[in-house]
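For clarity, chains are labelled A, B, C and D in written order, and residue numbers in each chain start from 1.
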Amino acid sequence: MLRYILKRVLWVIPVMLGVVIIVFTITYLTPGDPVMTILGSGYTPERYAAKAAELGLDKGYFGQLVAYIWNIITRLDFGKSYNSNIPIVQEFAARYPISVSIGLLSCMLIAIIGLPLGILSAVKQYSVLDYSLTTLALIFAAIPSFVLSILGLVIFGVKLGWLPVSGLDSFKSWILPVLANTLPGVAGIMRMTRTTMLEVIRQDYIRTARSKGLKESVILRKHALKNCLIPLVTIFGGMIAHTTAGSIIVENIFNIRGMGTYLYSAILARDYPVINGCVLLIAFVVCVMNLLVDITYAFIDPRIRSQYEKKRVTRKKITTTKAEVA
Amino acid sequence: MSLLEIKHLSVQFETRDSVIKAVNDLDLTIEAGQTLGLVGETGAGKTTTALSILRLIQEPPGRIKGGEILFEGKDLLKVSNEEMRAIRGNEISMIFQDPMTALNPIIRVGEQIAEVIRLHENCSKGEAMEKALYMLETVGIRPERSMDYPHQFSGGMKQRVVIAIALACSPKLLIADEPTTALDVTIQAQVLEMMNKLKQQFNTAMLMITHDLGIVAETCDHVAIMYAGELVEYGTIERIFHNPRHPYTNGLFGAIPSLDKDVDRLRPIPGLMPDPAALPKGCKFQERCEYACDKCRENAQMFTEIEPGHFVRCERAVRGEI
Amino acid sequence: MFWKSKRETVKSLEEMTRRRSQWRDVMGRLFRNKTGFVGLCICAILIILVVFAPVFTSYNPLKQSVPERFLYPSSEHIFGTDDFGRDLWARILYGGRISLLIAFIAVIISTVGAIILGSCAGYFGGAVDQIITRVMDVMMSIPGLLLAIAISSALGAGLVNTALAIAIPGIAPGARIIRSTVMSIKDCEYVEAAKASGSKNFRLIMIHIIPNCIAPLIVNATLSIGGNIMAISGLSFIGLGVQAPTPEWGAILSTGKTYLRDFWPLVFFPALFIMLTILGFNLFGDALRDALDPRLKD
Amino acid sequence: MKKFNKVLCILLALVTIISLTACSTKTTNPGTTNVPAPNTGTSSGDTPSGVADPDRGKVIRIGVTDLGRFLAGIAPSENQSACDIVFDTSFKVNPTTKEIESDYFKEWYWEDDNHFVCKMYDNIYFSNGDHATAEDALFSYYSHIERGSNYLNETFIDWDKTEIRDDYTLVFYCEKKNRAISRMPIYLLDKKWAESLADGWADQAWYYPVGSGPYECVEYVYDDHMVLKLRDSYWKRDISEYHVQEYQIKAYSDMSTMYMELESGNIDLCEVSSADYSRFLKNGSEGKPFNVILRSTGVVYYINFAWLDNPIWKNEDLRMALAYGIDFESLGILMKGDTYMPANSIIPSDSPFYVDVGKREYNPELAREYLAKAGYGPGQLTLKATLMDTPIYKSFGQGIAYYFEEMGINLDIQYADVSAAIANWVVPGNNDFGMMYSISGSDTMSVLDSIQQAAQQGGVSWTYVDDDHFQELYGVLKYQWEDDEAVKKASTEIQQYTFDHAIILPICASTTMIGYNTNVLTEEQVRGFLYNPTIYKLSHASITAEAWN
């Protein structure tokens, strides 16, 4: 088991390396000259050369790539923003916690609301409740989140004045952004839970449990829920990683100083070190979440656990099961 | 009073555009301690009948349209959910067809057995586990394996676990739904033998659902042949095996290879079972019956006693024309 | 799942007939599914409206008219006019062409990519599989929209670029599905038989393996159209999608957000169409999945 | 039954959404074509000043879309709104008197035809306690150029030599007497401090600069907000003359959010989009705690051809094609909404220098004829331009795309944020044309200010007009010092010449709109902020205590 975890942890390294290369290459190939952007109207050939050397942009593709990776590994240095000249790590330290708080709150809400609703609608399949819930979920999943955000803002912020329009100063000001993050997620998780639950409650072992004379509630709790949660762990892991990365749209509209707005202003300003850094950070979190998901998997699903314990680990099997789940 | 008496049971499955009549007006009786074999092709309604007894038919789309299921004189279709739960696993329990999927993959087998004991026998966790270990031993599995998960067991062993669960509370009636179909032939024999032994030990009546007449011959006292949702022939094992009257029963026997009889070649029953969503008028077997006449196509056939304890649903057989 | 559960020894021809009758079954189940049918109708109507846009409106979606700015829906302009006095109905129809076209192109690109990578990985196994799977792992660790943003800011705005930016993140999940499907059927007897009779690898993949992966692919493609539409509108919101004045639903919507408080049609109609499209394709995709995988429905 | 349920649910959800959207609707139509008169007099929501809460206006909260940095040069943009109170400025035009004044020069004059003498106050102290001398002033001038602030910042670099005559006297040697040199707004920097920063310039000077103005930046959170506090003392005035103790400037990444904050009273002042808010000029603020004011900036928006980068513009037929092929009135309305004011000449019609140059009617056929005459059939000409992604440029881009399509000219427009756009503009050959206006505006409404970029080589490459006669006339405006008649004549002539030969295509008058919280500010006070006509630089001269009594 330990060996498996270790192996899995080590696997993060090549993946992250791959991500760095992809992201770096994309921005490297991007037209537009960062030195020009920085110098702007202050352009002279000498200043250009000096700035290019300062930024290490005179080294060619591989030189730059190696330097970039080296700086990240040795000094956790993602470079400085072209736009603000503030070290990117410093901004991460200030912004990521904000996005994470909103993201985790949203994830919790999504789980608290989405899971029970999904289970309810699976258990009461074909009832009016099921139809209303699935229809609502479909509709919420189909509304672009900025429409939802702005509507919420106009109604609760401006018309009714119940909630603050922007910022994160008071308890109340968290409500709208968290909700705007939550609703589409609830819809997704609900649908996913419903499908998985439907599949689980049709399994033979649920019938076995019924034939034992167990109460429906016990069957749900003890036999169905855990089996239903196993595939959902993957989805939740991905969701946590993505939600905590901060939503560009929601953070922009509610003017929250998180990762989303950082990335957004970086995109507008073609601030490539920031774009690279954000993508890397988020990809790293996704990797770590995937790792956690795989380990959790091994802990809650004895079938997978015993595969590793026998040390006949074939990743293929895991990937297939995951692909099927997805 | 019989242990179980099914009267005029009808079960339907209603889908968006059709009504599937799975069981039609079925009568069945099982005496205490006895074994009844319920035989028929896939789709004849055997499993549906079994699930109806435990009221485990999924609703919707399934629906019990009518009839009575009297268990020790109590109509199971009318008792409350709580009462029904007290009966399930305790007085009537069931072994399912596929042991591979019948066990919860993420719960230890010991716990899966102990669960039913604790539920019905009002005992502590420890006592229940103790009894579960005993049950495991009874079905021939070393008790220390109780901490294992189902995927660590082979198919035959899983079925033993299922049997252990079913017999854990010494039920009065055991429904075995093709308990050996999914198993290897050698394992089949072991499992059957064990079931027979345990049946004696616990003095349990059994409803053995199968399409394998060989198994019936080995285990049953009575046999009921089912076709398209109804019984076509019923009698003691000797009567049915030595004097099958219904053309379908005859066909079934013709379809089994036999060593001791000198048969040139197998005679499979031609054709398929009628679509349960559109059953024919008259005899349900008419399309495949070599003796079918116009009358068979017109009239519904009555289940008639042709000799004591031997019923047949075929007018021509009753009249002795076959 | 049925497409990999049948393991009987079937010769190629029988395999084909079986598949054909299976398709009939699937189609039957699909059309019996009411919600799926509703979804199909929504998609069909939208596509007809959009493809034959000139039939349904006589307005030029780019024609500006200053006196006609911000008109509410009327018989003349059924959806009203926008901030440039352009007919909103025309803009939505012509905009749908762009939105749907991008979504479809993206789906085609990502599906083709997924087929190539997935079938190679699944069929050849070994080192090829290792490499492709690893690359897919890497791609999957970058959130889709983020990757799309990065690619699209690199490529610049424009129809094909946007389609490409949205398609690339979609390759990895599709390739995974194909890979696992291919792996499960490549050992089937009829494939073995074809292999034994000396079929070339390419031919084998094309004739025997791909058709069996079609079902999950179609489901995946249908369901991802909705996601693509959403991603396009997200890109437009950030300003990376199709550039104004080219009508595109996301772009119209994101202009409309400024006027949400005062002039609702500019937000309502594009949002409605985006919603309907996503709803339609999701309903249809769900029904398709159910039809292909009868276990879920009784 | 089941189907019915489903349909019902969908209907229900739709109705909910429709009603939600509808409830946010008002009956007013934001777009009408009549041009309203700017709202005069203070709004009824204003508290009479006599009973004013003494704390009212002590803290002013301002919304901006880009916080900017202090001394970063124009790209990335220099902090326009706060620099004027953190630093002292060399020259600026007083909007009321139209006179040129200076914060740190006591007097300035032409000693002879070549020497421009500026004498500083001798008691100037920076916030770090350093004493300012002519050294610092000279350093400030060069630093301004060094940072690259000059290209879009209305500055003419038109001196040949500089000289420090004594501790407080700075002398510029120019080839010719000119008006431009006394118009350069140069912030006074502390040379010692600046040189001590060396490589750390961006870390300190961009965020916590040392200035000699009455306020200093005490808190700066990148991309979020900054706080400017009144200092304990100011060398020029008694600090008690200042009423506002603190400015909180907050950045909003989405403009709509900023507007909603203004409407719900959470910010006191911000620039609003005229297309969006012009209705309030007509209807008033409908009982909401805010109001808007409109100001003409004294300049016009105009289309500039990249004469230097693309020689095709030498062809007058091509320029004429554009002059006829674009409906400037419609384009102007699209850009400015209800605040549209026509401009046929290169200065606004209410300028004292304005000449009625005539008017071209929109005529697409004629445009196509001219285009054919210039040698371009439909689809044969492709023009490219990069525009800023600000509302005014976006409207311009969308509007013009339509007319180009009508004419059969292919158009390739890219949008970029302000600094990326400027970075693009300064590279020759990137743009074939562009839309320009004098960002600083003009209180004198003179031709000189309105189209200064057209006579400026270097910097943004596509603004220079490579036409000899035009430059000759512009030279008169710039260098003619004494003869007002000659200036007037040249001013008239250049307007007519520009129109007749379609040298530059004016679109409409540039205006700016400011929304403010009526519970905190009065219209008078807000106008006081508008020292600079287009961007409300927080001016320390006008927001003094008197304004609040």
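Rule of thumb we're sticking to: contacts are C-beta pairs under 8 Å (C-beta built on N, C-alpha and C of every residue); 3 or more make two chains touch, one makes a residue touch a chain.
Keep in mind that this is a model prediction, so the values were computed, not measured.
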**Message:** What are the mutual neighbours of chain A and chain D in this structure?
**Reply:** C
**Asked** To get from chain A to chain C along touching chains, fewest steps?
**Response** 1
**Fill in**
With centres defined as CA means, the chain nearest the overall centre is A
**Remotest chain, chain B as reference, centres from CA atoms** = D
**Fill in**
Here the gap between chain B and chain C, centre to centre from mean Cα coordinates and rounded to Å, is 48
**Prompt:** Taking each chain's centre as the mean position of its Cα atoms, how many Å separate chain A from chain B?
**Reply:** 51
**Item:** Distance from chain D to chain C - Cα centre to Cα centre, in angstrom
**Value:** 45
**Request:** Find the geometric centre of each of chain B and chain D from their Cα atoms only, then give the gap between the two centres in Å, rounded to an integer.
**Result:** 88
**Asked** Which residue numbers or ranges of chain A touch two or more of the other chains?
**Response** 126, 139, 143, 150-151, 154, 158, 264, 268, 270
**Fill in**
Flagged in chain B as touching 2+ other chains are 60
**Request:** Could you check chain C for residues that touch two or more other chains and list them?
**Result:** 34, 156, 239, 257, 260-261, 267
**Message:** Quick check: in the complex, which residue numbers of chain A touch chain B?
**Reply:** 126, 203-205, 207-215, 222-223, 226-227, 230, 300-303, 306
**Item:** Residue numbers on chain A that touch chain D, as the complex places them
**Value:** 32-33, 36-43, 83-86, 91, 94, 126, 128, 131-132, 135-136, 139, 143, 150-151, 153-155, 157-159, 161, 164-166, 251-255, 257, 261-262, 264-265, 268-270
**Fill in**
Counting only contacts in the complex, chain D reaches chain C at residues 2-3, 6, 18, 21-22, 24-26, 28-31, 33, 255-256, 273, 275-276, 279, 327, 329-330, 333-334, 389, 391, 394, 397-399, 401-402, 405, 413-415
**Request:** Under the touch definition given earlier, write down the residues of chain C that touch chain D in their complex.
**Result:** 34-35, 38, 62-67, 69-70, 72, 83-84, 156-157, 239, 243-245, 257-264, 267-268
**Prompt:** Taking the complex as given, what residues does chain C use to touch chain A?
**Reply:** 133-135, 137-143, 146-147, 149-151, 153-154, 156, 173, 176-177, 179-180, 183-184, 226, 230, 233-234, 237-240, 250, 253-254, 257, 260-261, 267, 271, 274-276, 278-279, 282-283, 295-296
